[in-house]
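Next, two complexes with subunit A in common: one pairs it with subunit B, the other with subunit C.
== the complex of A and B ==
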C-alpha cells in the first residue's frame, strides 16, 4: 500500500511537469495550428535564464518567477516574430519544420552559453521535507503540483471569460471569420506564443528544482508528448489532466512491470489513444494531425 | 459611401476572378449584387473586407473607397473599425463557441458598454437566439446560425453591412425574418446594405438598385424596378419564361448578346 502511495505521489509530480509542458504545446497548437517542436527547448532555455537570474541576484521563488516570466514572454514573442510570422501563409508543415530547426538552434545556444555540465538549482524553494497524508514530499514537488493546479484553473478562466481568451478560441474555430469581426489574428498568435513561453518557464524552473538543471531538459518536451496526444492536442485543460495521467501510468509501469518500461509506457499510451480515440480525451474531433 | 473603381482581382497571380468591376453603394441605400455561382460575388466582398490574401487573392488594379478614402490594402481590423462589416457566406460561425460568445466576438472592436448594448439590440431583433444564448453555436439549426451570423456582424455597429447570400439553404420563413430585420435596420438606423444574392427575386424586392455580375464582369445595372422588368433578367434570374417554352435557339441568341455586352 505504501509502495503504491509513493508511486502515485511521485507519478503526480512528474505528471505535473508533463502537464505544464503539454499545456504550452496545446496553447500554441490551438490558436495557430502549429505543433511547436521547440517547446521542450523553450522550457530548457527559460530554466537556464532563470538559473542565471537566481545565481546573480539570489532571489526567492516568487520574485524569481516574477522576473523570469516576463523575460520568457519576451523570448516567446521574439521567436514568433522572427521565425513564425514570416512563414505565415506557408503550409503548416513547413512551419512545423521551422520549429524543429528552431529546437536544434536553441539547444545549441543553451549548451554554448551554460556548458554541458548539470547544475543544482533549487529556485529559492525551501528543502525541508513535508509530510502529507503519510507521504513525504519535498516542497518543490508540491510547488510543481500547485503550479499545475493554479495554471489549469487560470487557463480555464482565461479561455472562458476574458475577451482575449474567447478571441483565441474564435481564431482556432474560424480564422477568416475572426478577421471579419476585426480580431487581429497575428496578434492572437503572438499572445499564444507569449503565454506558452510563460508556462514553459514555470515548467522549466520547477522541473529543474525537482530534478536537476541539465542540457537534457529539452527531452522533457518529447516526454510530454503522450500527454499532448492523450489530452487531445488542442485542449489546454485536457493536456494538464492528461499530464497527470501519463505521469501516474509511467510510475505504475516502472513500479509493477519493469524498470525499463517507464520511458516506453507513455508512448504505448500514444499508440493506444491514436487507435481508439485519435482526437484524445478532450480534443475536438476534426483535427488534422501533423 | 462605398465605391469600387475598375477592380481587377487575381487568384495566385494567374486566375482572373473579377475584371473591371465598378460599383457604388450610396449612403442609406440597399444595393444588390446578383449573379450565379462562380461569378465573383464573394470574391468582391472578400476584397472589400481585406481578407483576400487568405486565399492568395490580390487586387491587381483599381481602388476601393469608403467615403472617399482608400481602403484597399488596409488591415481587416481597420476596415471593421470603420464600420464596414460582413456576414460571410455559409455563416462561418465560431462553431465551438456559444451563441453569446459569438456575438461578443462580433463586438471585438467595440467597447464593453457598446457590446452590452449591442447584445440587447440583437436579442431584440432575433428573440429566438436569445433562448439559445448559452448553447454551442455549431449545434444550432441553419436558420438560427444565420441569425447569429447576422447578429455577430451587427455587434460591430456597421454603418455598411455586407451580406453574402444570407438566404442560402434556409426555409422561406427564416429568410423573411432575416430580411425584415435588415430592412428595419436600414430604415431606422440608416444602415447601408450591400446584398449579395443568388435569389434575384428576393434581392430585387429588397434593394433599390442592382448590379448583375457574370464571369467576373458587371453585365447589367440599374434601379431594381428596371431590372425586374428587364426581359433577360426576368428570364434568366427571376425564372419567368413568359408562359411558353423557349427553344434553345433563343438561349443561344441571349448568350451571344451577352458576350457582346461584356
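== the complex of A and C ==
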C-alpha cells in the first residue's frame, strides 16, 4: 500500500472534520458578522446528545441523525433567541464575548450531565475495515468525507438557488438594504444559527465516531478555525474546501517532514495565503466605494 | 488550693501546647486535606482519588481511629489548575486547619502548593504525581509514592524482549512532546540501547492530538512491530485503532493510565492485548479483597469510580496513618514527618510493593509489575511480580 496514498486518504478524513466544523463557523459569520466562539462547544454538546439517543434507542446512523439534527437545530434556535437576539444592535465585540461566555457554560453543562469519562461512540456505523483502491478506511471515515461532500453541494445549491439562501447572501452583503427590501434579518439570523447547529451535530457525531467522544471535543472548534480563515470567513463552501486543504497538508508534513510540524504546517499555509489574499481563498473582498 | 490551680494550669498548658502549634488535631479528630481534580475532563482521576481516601479513612476509623482519633477528610477541588491548587491548600490550612495532606492532584499542582507545604511543615504524601520534580530536591515533609514512567516503559519492553519479541523486531516510540513524554522516551531509550534492538522510529505529538493516522502510517512504513505507545486514554486508543486499520501485528507497551476502565473500554475494540506496568496491583487477591472492602465503605457510584488512583491514595493514607499512630497521643507534624521518614517495609496488603521512605529522596513504590490486557474480556493478568528496574 502506497505511503503517499495513505497520507492523502487520512488527510482527507481529518480535513473533512475541519471542513464540517468550519462550515458552521462561516455560516453564522456570513449571516450575522459574528464569530461564534461556542461553535466547538455546539459540536461537542450535539455529539453528546446524539450519544444519549444512540445509547437509549440503539439507532443506526441515518435514523440517529434524523433525530439528532432537529434537536440540534432547536438548540441553535434557542441559543440565538436567548443569548444573541437580545444583543442585536450592540457592538459586534460584545456579541462575540457572549459567545465566549456561552462556550464556557456549554462545556460545564456537558461535563455536568455526561461526566468526564470518554466514550466509544460508533454512531451506528459499522467498524469493519473496508478498502478503497487499496487504501484501508473505517466506514466512519468514509461517512465523514461523504458528509462534507454532500453538505458542500447542498450548501452551494441552498445559497445559490433557494429564496432563503439568496436572502441570507443579501443580509451578508448589506443588512440595511436587505431590511429595506423586506427581508426579515432577525429570521435570517435565527435560521443561520439553526443550520449551523445542524452542521455542528453532523460534524460532532462523525468526529466522535472516528476519534472517540470526550469532553475535549470542543477543542476541535479552535483547531478548525484555520480552515475558516483560509477559506474566507464569509465563505461556507470555501471553509469546507480549506478544511480539506489543511487536513492534507498537515498529514503530508507529518509524514514526510515529521516531528511536530503537523500543527504548524496549516498555519504556515495560512500566513502565506493571507499575505497574498487577506480575505482568504474564497472570501469576499471588502470594497469601499467613494 | 493555690498549688492545685497552678498544677491544673501547667497541665492544661502542657496538653494544649502541641495542638496550638500544629492545627488539625483534637482529642477526637485528625483533619487530613485532599486537593483534588473534582471537576473538568480529568475529574475521573479526582473521583477515584477521593474514593481511595474515603475507604482508607473509614477502615481506620472503624478500627478505632489513630490512637482514638477519627480521621476526617476535607476535599478541595482544583480543577487540575495549579493556581487553584494553591488557593485550595491555602483554604485548607487557614480555614479548615488541616494537619496533613494526602491528595495532591498533578505534578504542576503539587509544585504550585510546595511553598505552602514547606512553610507549614505539612506532612504530605504524594501518590498521584511521582515525578522527579516532586522529590528532587527533596522537601523535608514531602513523601512520594510511585514509580517513574521511564522505569514503567523499560519494564514492559524488557518483558517483551525476553518473552514475546517478534522475529526481526523493530521498535518504535510515539510520545507527547512534554516532560511526561520525555520520561517515556527515557525508558524506551534505555531499553533499545541495552537490548541492542533496532530503533525504527521515534515520533512526538502535541497533547490533545486526536488523529494519529500519519504517525501510525509512518510506523508501518518503518516496519515497527514493537510499539511504545505514549498516548493516553483517547489518544492511545486512536493510535491502536489506526494500527488495527493498517493490520499491524504489534507488541504494545503502554502508559499506566491505560489500565483504567475508561481507557480499556476505548482501546479494547482495537483488539491488541497490550502491556502496562504499574506500581499498584491490577488483579489478584489483594484487589479482590480491596473491592470487597470498597463495597462496605463506599456507595455503588463510588465503587464504579474506582481505578488505580484509588489504590495509590488508599495506600498513601494508610502509610500516613501508620506514621501518625507511631507518634502516640503527642501527635505533631514534626513527629509525623520523622516517623514517615523512618517508615520501612510498610505492608500494603499486596496493593503495592511494601513502602519504605527511609531513603534520601523519601520516595517509595518504585517497583512496578507488568500486566497484560485481555482485550476480549477487558481484564488484566500479572506477568511479573513487583520489581525495581
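Note that the second predicted complex is superposed on the first by the 284 of 290 C-alpha atoms of A that agree within 3 Å, B and C clash if a C-alpha of one lies under 4 Å from a C-alpha of the other, contacts with A are read in each partner's own complex, and residues count from 1 in each chain.
Methods note: a residue touches a chain if its C-beta (ideal position, glycine included) is under 8 Å from a C-beta of that chain, and two chains touch if they have at least 3 such contacts.
Everything quoted here is computed from the prediction, not taken from an experiment.
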| item | value |
| --- | --- |
| Residues of subunit A touched, compared between subunit B and subunit C (which is higher) | C |
| First, second, both or neither for A:166, with subunit B first and subunit C second | first |
| Which superposed partner A:56 touches (first subunit B, second subunit C, both, neither) | neither |
| Which of subunit B and subunit C A:116 touches, first, second, both or neither | second |
| Which of subunit B and subunit C A:13 touches, first, second, both or neither | second |
| Residue ranges of subunit A touching subunit B (in the complex, touch as defined) | 89, 163, 166-167, 169-170, 172-184, 284 |
| Of all residues in subunit C, those that touch subunit A in their complex | 39-44, 177, 203-206, 208-211, 213-215, 217-218, 220-221, 233-234, 237-238, 241, 244-247, 262, 265-266, 269 |
| Subunit B residues within the subunit A interface of the complex | 49-51, 53-54, 56, 75-77, 80-81, 85-86, 88, 92-97, 101-102, 104-106, 108-109, 152-153, 155-156 |
| Residue numbers on subunit A that touch subunit C, as the complex places them | 1, 3, 6-7, 9-11, 13-14, 17, 111, 115-120, 127, 129, 136-138, 207, 210-212, 214-216, 219-220, 250-251, 254-255, 258-260, 262-263 |
